[in-house]
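Below: one structure, written as structure tokens.
In this document, chain identifiers A, B, C and D correspond to the written order of the chains, with residue numbering beginning at 1 in each.
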Amino acid sequence: MGKKHQTPLLDELKKGKWISFVKEIERAAEKSERTEDLLGQVEESYRDKVNHWKHGGMAGVKGYGAGMVGRFSEFPEKYPGIKECHSMRIIPSAGFFYNSDFLRKLADISEKHAGGLLNFHGATGNIQILGMSQAEAEDAFQAIAELGFDLGGSGSDLRTPSCCAGQARCEFANYDTMKICYNLTEEYQDELHRPAFNYKFKLKFSGCANDCVASAARSDLAFIGTWKDKIKINQDEVKNYTKKFNVQKYVLDKCPTKCMWFEGENLVIDDENCVKCMHCINEMPKALRAGDEKGASILIGAKAPLVTGPRMGMMLVPFYDINEDAKNDYEWLKGLISNMWEFWDEYGVSRERIGELIGRVGLNTFLEGVGLEPVPEMVEHPRSNPFIKFTEDED
Amino acid sequence: MGKKHQTPLLDELKKGKWISFVKEIERAAEKSERTEDLLGQVEESYRDKVNHWKHGGMAGVKGYGAGMVGRFSEFPEKYPGIKECHSMRIIPSAGFFYNSDFLRKLADISEKHAGGLLNFHGATGNIQILGMSQAEAEDAFQAIAELGFDLGGSGSDLRTPSCCAGQARCEFANYDTMKICYNLTEEYQDELHRPAFNYKFKLKFSGCANDCVASAARSDLAFIGTWKDKIKINQDEVKNYTKKFNVQKYVLDKCPTKCMWFEGENLVIDDENCVKCMHCINEMPKALRAGDEKGASILIGAKAPLVTGPRMGMMLVPFYDINEDAKNDYEWLKGLISNMWEFWDEYGVSRERIGELIGRVGLNTFLEGVGLEPVPEMVEHPRSNPFIKFTEDED
Amino acid sequence: MAEEVKKKRLTDIGPHDYNEYLSPTIKKNYGKWAYHEIIDTGTMVHVAENGDKLYTVRMGSPRLVSGSFVRDICDIADKYCGGHLRFTTRNNVEFLIEDEKNVEPLKKDLEKMGYNVGGIGNIVANIVHTQGWVHCHTSASDASGVVKSVMDELYEYFVEDKLPSKTRIAFACCLNMCGSVSSSDIAIVGTHRKPPRIDAERLRNLCEIPSTIAACPTNSIRPDTVDGKPGVKVNEETCVFCGSCYTVCPAMPIANAENDGLSIWVGGKVSNARTKPTFSKLAIPFIPNEPPRWPGVVNAVKTILNAYKDGAEPGERVGEWIERIGWPRFFKITGFPFTKYHIDDFRLAETTMNYSSHTRL
Amino acid sequence: MAEEVKKKRLTDIGPHDYNEYLSPTIKKNYGKWAYHEIIDTGTMVHVAENGDKLYTVRMGSPRLVSGSFVRDICDIADKYCGGHLRFTTRNNVEFLIEDEKNVEPLKKDLEKMGYNVGGIGNIVANIVHTQGWVHCHTSASDASGVVKSVMDELYEYFVEDKLPSKTRIAFACCLNMCGSVSSSDIAIVGTHRKPPRIDAERLRNLCEIPSTIAACPTNSIRPDTVDGKPGVKVNEETCVFCGSCYTVCPAMPIANAENDGLSIWVGGKVSNARTKPTFSKLAIPFIPNEPPRWPGVVNAVKTILNAYKDGAEPGERVGEWIERIGWPRFFKITGFPFTKYHIDDFRLAETTMNYSSHTRL
């Protein structure tokens, strides 16, 4: 079977050692005329140096306001297969753990109801099936639901939460990232499926300060594992490491607070001054381990640049006793989240992320609004300008 | 002779080991009725916990718009001596070097024409004579002028420039601070005596990065000595220092760029990475000296908090070849300063310091305005937000 | 009857229980891992407190994959590890192997099938990226094509461990920056350079004027009357070509074949290891779109990577290296010109200046 | 005739030539100093390249001095150093001595006369300060009295070298901050806590309304009509009591006996040595005015100094010490409460937050 559209430019991207997405599209196109059309249109973009999609457009399944992103070709006559080319977002299994049985069935669904192309995963963490028409959406949805999977977030809703592998496959995890990710996704299904927020809201969970799910840069609320007590030291293993590399130079000298030193051959840590950055533990995982009083820091407000510039998550709760709260179905946290959403709902404007809102009204106003006390851990340093708003109640 | 006013509260400040300003006021009051009245009013402030001065008011000498600060008592009947209590500002000798002859004569003038109280020096660097009335101003001015001294700045003018002791008494000086301070003060007398700016403008000169005249925090244009070539090392003296204290810990480890290390007993400096912070030289002055290619960095925009918050000087000219320019009567610099003042005059608004103007219009606009090229030394780091204003000419 | 149908329809079933997908070794040692060791760029082993071992083989993925790809990896997983596999947060595939004996055969099979094994340790990590011309209406460039071109060039760094630290490259096709693009070691970002074009008539029908105005970071959009009807106008003097207006208002297209392209950013990181998370900073303001292989971008990334490889100390991330040598030296070494575009002029611009005399001369 | 008189009047004579005041040794070795040595807190010696020596004896000064004080120091200078003396940038007096033999007698004489010799090395430097109730209309507190009270308490630290580094304390009587107050190791700043009172009638005569409005950092002043005439009103919800309006408009007095007082700031520095110049940060938002000896302020400064002395490493400035131990620990050690006032809420507030998970727990 010959190619429906010639793609000399895209063919260039089949060369080279890195796995080729063009070959992947072609593999899908072998089974799907619409994906053949996709190839054709993308080739045109390669020639014209602009994309050829119409702006947005509607797509969705009944009862849901989220879970599909509508996409329509600029050239429906020329590429009828992608007149509609929507994507469907599916909540992943926490930590992205799967088995072959499920994945095969999902591949089948993608070929049956869409273009046979998938994203593992979208940048927020959803599985995405590309190239679906509205007509197929309901059947695809039901087929997916039968596998025990549900649609993910899109639009002004709670976006699909995501997490690092955590305790499933990592010795550094200070709490069960997958459990809380699952629990909150389950709890907030309505907020996820039916957009009713000012804008999107993202939750991500990393088991430690390495932040392997990049929560501090990409989620309105980031949970980063930490601990309160002393780092556990295995002095014999420390000695082994000193034989292997320059521990002074590559570990101690790079500790952000310089709170470690050697006394004779023994490593000493001034834990009161440790900021739980993970560096020493990363470098000497056999010798050092986090303490026993584990929990998480909660950072708030990260987001992409638009409109007021990019934001990192900022420290909101230095130590959240997440492992204790887990025993109560995360009751404390859910209270806090609900306060936040109320505050955001009341004071935020449309298309204003919670971080931007805090930037606009000030951290103190937000803290009062959600019922948290100011603590010095929240700031890099106290104010340096003298414009203090003294209030009556404190006189 | 008994005291004119009882001052039980101020008397408390005659106790203690630190030299007492109350005793100083009393010493002056012995010869001056008006200073007796000053004591009385200050005692009232101590009782009432507010100052008792009227707001501002006029004072000055003919042909000058600057050099005196008007001050009037709230209680002219009760304290007639300080009905008028102006201060006169006198340009100091550069580096604050004097001899006893001049100082004695000045003390006489202060007693004859004012309250016999002086400030050595005001925070900008002027000598101030306190407690003068308008009627005495002209005579005082002429007496001072006869000693070869002139009035300093006040109001929206060029403020009296000031400098550190520099080459007169400091081995660290990279240029002649006193010479340039003198030269520019002389050059810009008109700008100093006759306020015609949007607001005040301050110049300060420090011979090195220690910045002993705090130029980086207090002057619109700060000159901080630096050098281009290698730090000179006397290895024998380095060895002597290593015997005296822990050079590794207190010098090398505190170098901001960690660009020094020992090779055997020899100290090595990666000068390309040195930011001329002075720390190592400060700690080992006998062993280390700045290089031969000396000059100055120019920082712009420092000021106090009002209205938009405090500002430090920001790097404008990383290396100004000041010693070379000195040979041409600072021609290059004067050109730059005149460009700045023109730009400030044209684009600044009333009561807007030049740093605030740059903050408002952006550094690039300012650079173009004054004819400087952007260089990476000007920034802590390049931009991180993606909102780049591409312009036609660069396409 | 209608009720019955409704009941049958599945809805709001929520997230799938992940426990179903955990291998026996993982279930047994959940939360009880002791340490890990990296064996080579394709393989690591996690050792549990009780001595149990779990091997992981990592394989590169273009993220945009076919059903056939999925079946390929399922076959491998079935053959060597009980069907257990996962994806990483950077879109790689990980096979979770309980029996050490299966590690090498699995890797051989993958290589035989043409897949890329690697991505663990001090490597160039899989490039996180976005949709580009394949699926997104706001894209200023393609995503997958740029990524493929760069990864082909950097391939050796995915399979061999020879960098000072892991290098994380990210790609976004517009300033919406879908991904942790603004905080990557090297970021490539689709960039427009011309103001939006306004289709006054469509605008009236399709766009909400207040939200369009609010979407602009530089307040460049003002209400306007066009043909006696409400519309907007754009102040081209202040517009920074961000495309935010187009995101909310389809009648303000901004894509422009001749003027769109890519900018390059460096030195961001997300982890809290050692230094705090930090944004990437501008390295190159603009490189034109050069499909199909984007040589300009590929060379720029290569230049940065080479400079980093030669200059950084072991363990130093790109940004940590640059901080140590200073930005002036970064520009000198790479040969990238420093321009007015590198000096911030947005909202918090003044906080990015050098408030000191510290300077390398 | 009139012309003649005019000619006689001296005007615009400019700065005095400093060369006249330089001692022979200084003239000879100008720009040729080789190194210096600190002998004790009152004495240092500068050695020239040719071996010449210049001794400096430093003496404390309250800055606000009488003619008699001036004559005292002139007498000393005449007796021991050819009349040569200078003032430092922190208002101390320095005697410049060519003959080593004169050093000790000079110091003895000064001490006999009750003057304070010290201020060199790792000491509490003379407190730079402002006019206060003695001369300034905008002062929220006295200057000299607070300084005297603090220096009496810290006297031992001026005359003995026993601190980790030099500690620079500064005082300003209002937010205009005349002096490098916003970047001192410890800063004491006069602070109002009530909005200005508006005298509508005086305002009409004395104030320019646009510049009054522009003077407000929080845009709290709006035009208003009072009795049918133009005036201003202040939004008390947003006013931060800075007094800037009073500076430009005498009809908006802000001083308030019960509510004025002082705030304490720490950790600023100006020098570029090691770390970049940095502002002082809020330690205590408010301490009431307690004339004549301000015990609250004195104790606060003492508490900070003691904590610094006990905690800092040799060579560490106050701010460097706090950065090392972290702000939470600073508040813990000093016992100062951390309040909402410590969290910045002004223009660049968002840049002062902790954008990381770094935290001491």
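As a working rule, contacts are C-beta pairs under 8 Å (C-beta built on N, C-alpha and C of every residue); 3 or more make two chains touch, one makes a residue touch a chain.
Nothing here was measured: the structure is a model prediction, and the numbers come from that model.
Within the contact network of the assembly, the step distance from chain A to chain C comes to 1.
Set side by side, B-D and A-D show the greater C-beta contact count at B-D.
Averaged Cα coordinates give chain B a centre that lies 12 Å from the centre of chain D. The centroid of the Cα atoms in chain B and the matching centroid in chain C are 49 Å apart. For the pair chain A and chain B, the distance between mean C-alpha positions equals 51 Å.
Looking at chain D, one finds that residues 175, 177, 182, 217, 242, 272, 277, 279, 346-348, 350, 355-358 touch two or more other chains.
For chain B, the set of residues that touch two or more other chains comprises 209, 211, 216, 224, 256, 275-277, 305, 309-310, 312-313, 384-387.
Contact topology of the protein chains: fully connected, every pair of chains touching. Residues of chain B that touch chain C in their complex: 209, 211, 216, 224, 226-228, 256-258, 272-277, 297, 299, 311-315, 318-319, 358-359, 362-364, 367, 374-390, 394-395.
Of all residues in chain C, those touching chain A in their complex are 9-18, 20-22, 26, 30-31, 33-36, 46, 54, 56, 60-71, 73-75, 77-78, 82-89, 91, 93, 96, 114-116, 128, 130, 132-139, 142, 144-145, 147-149, 151-152, 155, 158, 175-183, 211, 214-217, 242, 244, 246-248, 250, 253, 255-258, 260, 270-275, 277-279, 289, 291-293, 314-315, 346-348.
Contact residues of chain C toward chain B in the complex are 175, 177, 182, 189, 191, 193, 217-218, 238, 240-242, 259, 263, 265, 267-268, 279-283, 285-286, 324-331, 338-347, 349-350, 352-361.
Note for the complex: chain A touches chain B at residues 305, 309-310, 384-387.
By the touch criterion given at the top, residues 272, 276-277, 348, 350-351, 355-358 of chain D touch chain C in their complex.
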